[in-house]
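Going in written order, the chains are labelled A, B, C, D, E and F, and every chain counts its residues from 1.
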Amino acid sequence: MKFGIMVNEGPYTHQASDSAYNFVAAALEKGHEIYRIFFYHDGVNNGTRLTTPPQDDRNIVNRWSALAEKHEIDLVICVAAAQRRGIADADESKRNGKDADNIAPGFRISGLGQLLEASIQADRMVVFGD
Amino acid sequence: MKFGIMVNEGPYTHQASDSAYNFVAAALEKGHEIYRIFFYHDGVNNGTRLTTPPQDDRNIVNRWSALAEKHEIDLVICVAAAQRRGIADADESKRNGKDADNIAPGFRISGLGQLLEASIQADRMVVFGD
Amino acid sequence: MEEAGETKKIMYVNRKAPYGTIYALEALEVVLIGAAFEQDVYMMFLDDGVFQLKKEQDTKALGVKNFSPTYRALEMYDVEKIYVEKESMEVRGLTADDLIIPVEVKSNEEVTKMMTEMDVLLNF
Amino acid sequence: MEEAGETKKIMYVNRKAPYGTIYALEALEVVLIGAAFEQDVYMMFLDDGVFQLKKEQDTKALGVKNFSPTYRALEMYDVEKIYVEKESMEVRGLTADDLIIPVEVKSNEEVTKMMTEMDVLLNF
Amino acid sequence: MLHTVNKSPFDRNSLERCMRTCDKGSAILLIEDGVYGGIKGSVIEDKVKGAMKDVKIYALEADLDSRGIKGRVIDGIQLVDYNGFVDLTVEYDKVQSWL
Amino acid sequence: MLHTVNKSPFDRNSLERCMRTCDKGSAILLIEDGVYGGIKGSVIEDKVKGAMKDVKIYALEADLDSRGIKGRVIDGIQLVDYNGFVDLTVEYDKVQSWL
């Protein structure tokens, strides 16, 4: 079955990101397809490569990046939500006159249309949030 | 009177940061002293210079930076909370092997002791959060 | 399993008050973008979500943007199926007259039934 | 107005459940660091905060760190004034026997009184 | 002491918790979504009126304005602006934020 | 349809709202802090038992474990792991997350 996932909260503060990750990992193991994971609201904060969690804790961002690479999952960060919260790739950084970017490997920034498309294309849409 | 302020949520998603700003601005106008503003939990996300809010919206990060400069306010971001969430200054970035930093002008990164010190030194501690 | 090109029934479920958090505003942004996809769209306001439609919002003193007039523009985007739960209004001391746009008022029972008829539920 | 060097009564007010959000863990980090400041420290667990002290937490399947053993270490940090509200436990079907450390159980009325006696309240 | 409540009483327990745990002579300030607790005609109105026998209740004007409910506030709740919020934190010896 | 509830019923309204708005034949899955809704001996136990006459209630094992309440779950609530969570989303035609 084809799943679309929406993640509405950032890493560590709310469990939403962990729940989404564990759900996605289980779905993949069962042979399902993840059509797209869309990061919205504070969820965009899952996609910064500048996190350095404590050694004995899980690395939420790296975990998403690794999953995306291994299973070729489309991790999409909403551009409007990202601009409000300071998540930028090289293009966005340049366009907005910033001197740095912070996007993590495996994530891409795109528009809200990607969420709608996932909702239409997927067999099941599952939302994780606060 | 001397105020200590704790801000526990990031910009835009929760109103906590706006409420804290409006409170602080009013306190300064009345001649009170702001001993320190301590950003904890997702509050650390107030201190990224990579935000680009819509033109017709307030710029929460710049607003803090401007207030700090004008009134010499100590804006402290908790280091442990910042590491989890990907807020880094040049030193932190280097120490953690990162290739970029994102801290905004007027903010500094320091330890939780700064929160305790503010609680002890201030006449009133006011907490804004979710 | 959807055929390509098929139209889905999508319900935006709004349960949060405006301004205290950004969910109401960012949900509205989804609805506006979503209009271009020509799906069968339903907006449902439940619980504190009904406060999103309260008349007379004035954000000057707060220093944030008043996005409530945008609800009036939904019609131009062909978003016309807008529902508010009766019980949610009653609990909060509101009636349909308090709302910035005309809506269809549904009982909790009707809301339940409508939800079961959707293809996708997006929660804010 | 405090004199330099004076000791303040500081209460950490914990009202949130563990793991669903990070507040419980990050509050604990404040308490541990705060111990070095040699203030008169009170930890109060109210509402869902009482779940922070539930015995038998096992986070293996969740893949996050189990920080509940740290509450047992509080004594070594001279954090010994630890209180749990009776009514909060009752509502949730808990008793003091369910908790990972010995605590003083206080009624809502006693909690109210204690709060008024503090100099600073830090809320998590 | 001054208590602040920033959550809607229809979604969260914080206003009821606050009203149960504030001593006579203290004050409650409703801010952010907490101002919905001050709305007339709601299911919580009677509890709020009951609490007002023992404590003063204030509500932040900017938060009432933005939510379109300034004209609907329960009689006896006093409106304050941010200056008034600051004054309350000075008048009372400490602040408890019911987050 | 499948309903998920991720909030403590002692803090938020989402479990009660969900139980009021789920049709016969649907299922509720308690996740994250939502699993506290499945605890025995709480003030909400009777309401949960009442809902179980019409809908199946599940709880996510990892969330019960981490909170130390797996041994305290109301009889009749079925435990599932993340695989079971995925299976439920397949079995039911759509998911409503009561955020």
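Just so we're on the same page, a residue touches a chain if its C-beta (ideal position, glycine included) is under 8 Å from a C-beta of that chain, and two chains touch if they have at least 3 such contacts.
All values reported here derive from a predicted model rather than from experimental measurement.
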item	value
Any chain in contact with chain C as well as chain F	A, E
Other chains in touch with both chain A and chain C	B, F
Furthest chain, CA centroid comparison against chain F	B
Of all other chains, the one whose Cα centre sits farthest from chain D	C
Chain pair with more C-beta contacts, C-E versus A-F	C-E
Inter-centroid spacing, chain D versus chain A (mean Cα positions, whole Å)	33
Rounded Å distance, chain B centre to chain E centre (Cα mean)	26
Computed distance of Cα centres, chain D from chain C, in Å	40
For chain E, residues that touch 2 or more chains besides their own	6, 10-11, 13, 32-33, 62, 81, 94-95, 97, 99
Residues of chain C engaged with two or more neighbouring chains	19-22, 47, 62-64, 120-121, 123
Of all residues in chain A, the ones touching two or more other chains	12-13, 15, 22, 41, 54, 57, 80, 84, 125, 127, 129
Listing of all chain pairs that touch each other, if any do	A-B, A-C, A-D, A-F, B-C, B-D, B-E, C-E, C-F, D-E, D-F, E-F
Chain D-facing residues of chain A, complex	12-15, 18, 22, 54, 56-58
In the complex, chain F residues that touch chain D	6-8, 10-11, 32-33, 36, 39-43, 45, 61-63, 65-72, 81
For the chain E and chain F complex, residues of the former touching the latter	10-13
Contact footprint of chain A on chain D as seen in their complex	19-22, 62-65
Complex interface listing, chain D residues touching chain E	13, 15, 46-47, 108, 111-113, 115-116, 118-121, 123-124
